[in-house]
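The data blocks that follow each hold one structure.
Shared between the two complexes below is subunit A, which has subunit B as its partner in the first and subunit C in the second.
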Partner chain A sequence: MKRALVLGSLAVAWAAAAQTPDPTAAEFDKFREIMEQDNPAELFEVKGEELWRARRGPKNASLEQCDLGLGPGVVKGAYAQMPRYFADADRVMDAEARIVQCMITLQGFKYADLAKQPFSNADRTPDPVSLITYVAAQSRGMKVAAPQNHPKERAAYETGKAIFFYRAGAYDFSCASCHSVDDKRIRTQPLPNFTKPNQAIGAVQGWPGYRMTGGVMHSVQWRINDCFRQQRFPEPGYASETVSALLAYLTVNANGHVYRGPGIKR
Partner chain B sequence: MAEPMKIRATLQGDVADVRVLMAHPMETGLRKDSAGKLVPLHFIQSITAQLNGKTVFAADVSQAVSRNPVFAFKVKGAKAGDKLSVTWQDNKGDKRTDEVVIRAGS
Partner chain C sequence: MRLASAAVLAIAAAFLASCATPQRDYRPDALAMMKRDFHGRGIAGMDRLNEDAVQAACNKYQDNPPQEVADKLQKEQLAAIKWPADGKLLGDWKSGERIAQDGRGMSWSDKGGVGGSCYNCHQIGPRESSFGTIGPSLYQFAKLRGYGADIQRYAYGKIYNAKAYNLCSQMPRMGHVDALTEQQIRDLVALLMDPASPVNQ
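So, the complex of A and B:
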């Protein structure tokens, strides 16, 4: 059943990504399908759940009252419906930004400490990365449905779109340089065209992801940060509105597609 | 330090298909950290599995195995409801045991 689902969505992704299926990509998809059966991301999912329930931080509180948009403590399906507008913060937040905010408001952690080394490496996986893996796993098999009801959600989409097409930096580059046309690739990796709904899911699918290279768990926050770095842009602030806006643009474009949960990356 | 394993044990006939995901850095002793110093050897040395307390699987493992490894093996003569426990021990003496109940296959 699970395999049929995976194969089904892979077939859709191929049909969309290229007229002629790329044999290298096809082989890698096969490999990924096998790896997904025992994805080490599950280890971070377990750790994230522990962290979610544990009383921690200066306020000695758990995150169980954290409102991810569906009410305090509701985790199921929340990841697939973000970024969304949060009245208490008066801004649109992606899942990681929201978790960081909850760690600050509920548990009393300091933003400066969380933003100091926010991304995983071989020696350390930051707590928000494990937490996001747990939260994302609770949306496995659900349809992506990032809302566009609040004016600020629509504004974030437009801001994200502007960032996506903004050419700048030493290479006079934009996200759109790689991701707004069909059938592009970088080395052997086919690049999805994020302006098309059936390919935009590529920006959501597989994140958070366990990277086999180095065996490191990464969130989509890291992925966006790395895109900025590779374009030789200044890197965005951790959990900043810039990242939330860009994710709003990408996620809304992918609305309606099924999210398969934390994934595995090459 | 030792974090929980994720164990799946599903029956297919009278053979249990066991898949174990372990959280471990599995340092080869060859990697250098950001300061340029070698990260000391740290790896799982032995793995044993017990079915209702009786050892059914034992393995010696080298540092050539990947970080956060997956091990899969089959256990004959298992029944639904049997207890399967898996233990690993690393070269620093760190240990971890987790237990699951074998589930009937679908």
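So, the complex of A and C:
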């Protein structure tokens, strides 16, 4: 109840602040600081931890033996060190792709079922979204350190970079159309320049994020999907290599910056 | 003498080394990966992953093609512009303002009804403070450039196909890809060019 009141009054303040272009970003940053002290993302973090430990799926197993890159069952710090190469899948995976992989191999879930409606809406938050929020929270305050040791990790970075700059589709857009120059915006929304390390962290920070628009929890998988929608491209497969490669490019560019944990987004 | 020749040798060695290990082009890998991973959805089909000649040149040369490549393709794009048969380029600026505001169109969540998305990237009318900055400000477009037929023609052509004027412009080719109709482009030209439009107040 108290949370609802705080949310309501802040939403009004936010809407009022959104009237003018430049002060908006600054106002929203203040708003975000207040919100992050009482972030609804924590609810999904708790739900995700329950799901992580519960015996579920056709194999009635938990995810506690899932190897997120630092050894089976090690969750702490894993999110900040992905995407990375996983020998058992022989590909580079971002954190959500890896969780999905573990749900398939350990618990017996089917990819087609998980990919059917992978993103949150007002009525439903898919399990991988809660799980990724739990996993991400265990890297709160740690430095982003996506590895570039395995040849496939280096290839994923370079392929992701090529995807980032690839112009095509109805409007000739690439990711770079919006995200390779400093100090630009779409309408009033500031656009980070992801080719620069101090701004590339903007692609990592705040994800997974509780999104004010619609009041739902989203992971970075959703964000990349929505970027391609706005790019007027066809749709990338959920947890696909394309998304992992693009995230490898963005995350490696942000290496060395401190990850603050699940956040708040507009 | 010995120092100088050593320096020349060092430079030559560095040059050869840079030639011997050319930066591998990952674009074919990227495209193959996307073709494997993507699926068509709604109006956004898989054909959209394929480059046309303009996109291919801009991708190949990182948006900075050699002059002769740019000239040839720009000429082709310019020749493909369909000008209104009756020669009228000026429509209704009020309708133009609505089209400029409308950001719908061409994505997989759009079903029809395409706007210009102009305010996403441009400052245009004085009453809209929520405008993007990827493109230049168009406020006082004709007041600054003149109201003549040549400027009208430029405005129509630029909206129809921005790549006819600047090959690797970030601006979509709104007429070329059938996003906007002839009448919609006329209305946008009026928004920029009509002396009564708020843009020119």
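By definition in this document, the second predicted complex is superposed on the first by the 244 of 266 C-alpha atoms of A that agree within 3 Å, B and C clash if a C-alpha of one lies under 4 Å from a C-alpha of the other, contacts with A are read in each partner's own complex, and residues count from 1 in each chain.
Going forward, contacts are C-beta pairs under 8 Å (C-beta built on N, C-alpha and C of every residue); 3 or more make two chains touch, one makes a residue touch a chain.
Just so we're clear, the structure is a prediction, and the values are computed from it rather than from any experiment.
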Three-chain arrangement built on subunit A, subunit B and subunit C clash or fit: fit
Partner chain in contact with A:245 - subunit B first, subunit C second, else both or neither: second
Which of subunit B and subunit C A:47 touches, first, second, both or neither: first
Partner chain(s) touched by A:187 [first = subunit B, second = subunit C, both, neither]: second
Touched partner set for A:38, first subunit B, second subunit C, both or neither: first
More subunit A residues in contact [subunit B versus subunit C]: C
First, second, both or neither for A:119, with subunit B first and subunit C second: neither
Minimal inter-chain CA distance - subunit C and subunit B, angstrom: 14
Intersection of the subunit A residues that touch subunit B with those that touch subunit C: none
Subunit A residues within the subunit B interface of the complex: 37-38, 40, 42-43, 46-47, 122-123, 210, 214-215
Residue numbers on subunit B that touch subunit A, as the complex places them: 3-4, 6, 19, 21-23, 25, 31, 33, 66-68, 70, 72
Complex contacts: residues of subunit C adjacent to subunit A: 24-27, 29-31, 33-34, 36-41, 44-46, 48-51, 54-55, 58-59, 62, 106-109, 119-121, 129-134, 163, 170, 172-173, 177, 179
Parts of subunit A lying in touch with subunit C, wherever the complex brings them together: 19-21, 155, 158-163, 165-173, 177-178, 181, 183-188, 191, 229-230, 232-237, 240-243, 245
